[in-house]
Amino acid sequence: MNRPIRLLIDCPDHRGVVAAVANFIALHNGNIVAADQHVSEAPGNRFFMRMEVETEGFGLDRDEFDAAFSPMARQHGMAWNVRYPDRPLRMGILVSKYAHCLLDLLWRWESGELQAEIPMVISNHPDLAGKVEAHGIPYHHLPATKETRAEQERQVLKLLAEQRVDFVVLARYMQILSPEFLEAIGRPVINIHHSFLPAFIGASPYHQAYTRGVKIIGATAHYVTAELDAGPIIHQDVAHISHRDGIEDMIRIGREVERRVLAQAVRWHIEDRVLMDGVRTVVFE
Amino acid sequence: MNRPIRLLIDCPDHRGVVAAVANFIALHNGNIVAADQHVSEAPGNRFFMRMEVETEGFGLDRDEFDAAFSPMARQHGMAWNVRYPDRPLRMGILVSKYAHCLLDLLWRWESGELQAEIPMVISNHPDLAGKVEAHGIPYHHLPATKETRAEQERQVLKLLAEQRVDFVVLARYMQILSPEFLEAIGRPVINIHHSFLPAFIGASPYHQAYTRGVKIIGATAHYVTAELDAGPIIHQDVAHISHRDGIEDMIRIGREVERRVLAQAVRWHIEDRVLMDGVRTVVFE
Amino acid sequence: MNRPIRLLIDCPDHRGVVAAVANFIALHNGNIVAADQHVSEAPGNRFFMRMEVETEGFGLDRDEFDAAFSPMARQHGMAWNVRYPDRPLRMGILVSKYAHCLLDLLWRWESGELQAEIPMVISNHPDLAGKVEAHGIPYHHLPATKETRAEQERQVLKLLAEQRVDFVVLARYMQILSPEFLEAIGRPVINIHHSFLPAFIGASPYHQAYTRGVKIIGATAHYVTAELDAGPIIHQDVAHISHRDGIEDMIRIGREVERRVLAQAVRWHIEDRVLMDGVRTVVFE
Amino acid sequence: MNRPIRLLIDCPDHRGVVAAVANFIALHNGNIVAADQHVSEAPGNRFFMRMEVETEGFGLDRDEFDAAFSPMARQHGMAWNVRYPDRPLRMGILVSKYAHCLLDLLWRWESGELQAEIPMVISNHPDLAGKVEAHGIPYHHLPATKETRAEQERQVLKLLAEQRVDFVVLARYMQILSPEFLEAIGRPVINIHHSFLPAFIGASPYHQAYTRGVKIIGATAHYVTAELDAGPIIHQDVAHISHRDGIEDMIRIGREVERRVLAQAVRWHIEDRVLMDGVRTVVFE
């Protein structure tokens, strides 16, 4: 099963964009096997498109694409991105002590669901080293205290750069990243928050949920921005709970939701299905 | 199908409560056809119980129950309530212009799902009079402006009292009830809020949700207290949305969730399945 | 809010189809506001596409479209269909005694969710006449016995033709349509079956489900074909049940699923989102 | 957190059973912390009850319970079972090559969700030995061919007996167990079938589902009986699919449902929440 080339575009909405791109692909003998588009209702009314083009027969290789496509892109005011399937994304994972999100990502990766490379896992705790290394993935233990946080973050940045990591997943990483780190990182960072945002921002969402007496709990996968738990949401889901479920039960039931929501968001990111529309996301499932 | 007598109890948790109650029922030749119990994890660890006893053969009628049960209830520190099935709850509905929650309640009531009486619908708008009266239910149009609000609320209270209404349902009633009204009403009031609380409290939750870019929308049925949208939650549910759903779509999809969540909460209330544990509810489904 | 022109296409999968259609639209000054496509994995690998084109500015009116589009369509081997928004579909509803699916369709129609015309409701029972006529829709009571079935079906066909009905919805119509009727009708017929097909085909699916002891019940909306409950499925959903739910409960819970599934399927049909891929459907949500 | 003693009872429905049992517990100074009961609508109208009694303070130890309880049980015609929490169930797992259900059970077991012992995993393939042994659990590779099947089943039975296994989980074990094996095993066997039964019985349910064009796929956990895929159902769930999902996608999406449904069913079994009512189950969640 050959995976296709993916082309992502966004630009101001106007007539003829689809035709222009479809013509460009046809001109270079490409076969469009999937296409999604969306015109945002948000102010600005941007147009978003994702296309999959069969690799076989397509006349432009990676190095030629830019020069061929850029003139038309400029003409239509497009921001765009193309990904050839022979160079999969490289995913760096940050984790603390909870294993469930990490193990689920590794299991799905091993089973072929996540078409990415995982050059390393970084943790502020040593606990999960064995489980990670059993998958043949290097594990970096970089402890962080209040005093050493800045230095630890520098080490993390250095490792991400050395390993040419394309994006970072916080698989229940229990440290708040500093504004300096987020400014420096220059890569998308996906976090899983254990509530249906915007409810229960910050620490101990299950305790907050118990106290409020809600009947559903949830999890939210989002891109990390400087403002806590306020970044663009990729995916959310919930589970029903009842008065019988104490905090321990909520944590147990929540694990199931967290790992599923994070894995889904990571999968969509890897398959270039997520585009930004301000603080909103366009997800071409 | 004979509906059973329902006995609701809550008291401090201690040994022998179940036996004491079960013995009491057995002593009076009652057959327990359903029983649920719960010990709260919340501070105070109260014990909650709901029992259904077959009407046929049970030796105590409504007037005798209190005198027979009270001594034991006092001994165990019980708050309790009994309902005989021949006197169904009387439900008053307040509504504004949106029909979906109201019509769904009426449809379910007509189809026998809701074993209650509906002596009237009150609205601050005339629009829905025809639909309500077509079901043979009186419709009271009591308009409310800033100036007349206090007087309108007095009229509402008067109608509720005259009609011996047991509880009130706000089926998308778009007026905020005054603290004075809530203090005076002396009956449970069930509201449907069109978000998954505690997210998006107050006005225009779908607009708030659109702006935040969430991927689920929801509805919450709760008892009304003086603090806006902060009362005990009876039921909540959500629906998934995507970037394709603008505010109009969210309103349309939300209607479906709102009417379902409200109808479920009303049904549980009518069947005496909801008990209070502080701001949390115990719902014996 | 102007509704768009919709163009549906299916043809053998090959290069350049998207470009050809997009060019055609651009040539006539059309703005593509939505587009979905799909290449079937089923034998034959057909290509399916649905496009929405803004009415405003588009240079072809209904009468010109065919002559302009046909040459290209022939060249690519396309089956195609175009719908201009000023002529909404006309939906005929057949019903027996159960009101829930019918009332839900009428409520959604009244609230603007279903952009169709409903020239009439036909029933083999008189019971629902009042409710239908209250919406200003003619109600035809055509009773059917074993002896009169053939004649009754002829009358139904006559009414459908007279009223230029585009498609028929069986909203819990408890009569099996004869092969002759289905051959003659020449319009799509959507049925709601109260199980998750292919489980519990035929009569009394809830009784079958109770006997088998399943933990979910469901409903299936499908196009009717000569083989009972075997037509192309448009939509399905389920609800969880437990040992506490007897057959009466299953019927009550099922009503909720049935009306939701049917309304969704009808909505998709009305919006031209459903295409046929043999016995499978392509649903461009 | 002390886990409680669990008492399971079923008997013909009649007055005074709850009182009799509650009195018995009170007599021996027990505190009932949870109780569920159910009267079956199925022919025979059996009464089912599950009670949790605090270990602390309860006056009967395991060896004394039978003699104390049996006279009352006989009097009421009860089938009953008691489990003290210090002796957890021993679960044997049979598996073939697919890892997802197995790994999920092991992960939940390791995280404390499943309060059981796992003395061994048996497989007809060698593939998963490493993953199982990494959890410190012995792995027995017992290959089975048509010729050796009977002998292999004898070995399996021998291992189950030697290890005093209480119940067996087929975590995608791709061998049909012989009637002789099922007759001899004398322990509950839980299977996960990858469809919403009774649809798609037997081999390749995802292929059957694709061919039929369904819009949901599911999984069913059930006790194994001699008739294929016809045993009492413990739990079922589904996932929505669309025309975009080919068979590979269905298998991937299905894995998620399978592992969740099986884990839930195993958890309920371990916590003594599942009772038999003919081919139906009573599940006291």
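Order of writing sets the chain letters: A, B, C and D. Residues in each chain are counted from 1.
The working rule: contacts are C-beta pairs under 8 Å (C-beta built on N, C-alpha and C of every residue); 3 or more make two chains touch, one makes a residue touch a chain.
Every value quoted in this text rests on a predicted model; they were computed, and no experiment measured them.
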| item | value |
| --- | --- |
| Longest centre-to-centre distance from subunit A, chain (CA-based) | B |
| Pair joined by the larger number of C-beta contacts - C-D, B-D | C-D |
| Approximate Å spacing (C-alpha centroids) for the pair subunit C, subunit D | 41 |
| Interchain centroid distance [CA atoms averaged], subunit B/subunit D, Å | 37 |
| Where subunit C touches two or more other chains at once, by residue number | 38 |
| List of subunit A residues in touch with subunit D within their complex | 99-100, 103, 107, 111, 113, 134, 248, 252, 255-256, 260 |
| Residues of subunit A defined as touching subunit B within the complex | 38, 40-41, 196-200, 211-216, 218, 232-238, 240, 242-244, 246-247, 277-283, 285 |
| Of all residues in subunit D, those that touch subunit B in their complex | 14-16, 18-20, 22-23, 25-26, 29-39, 57 |
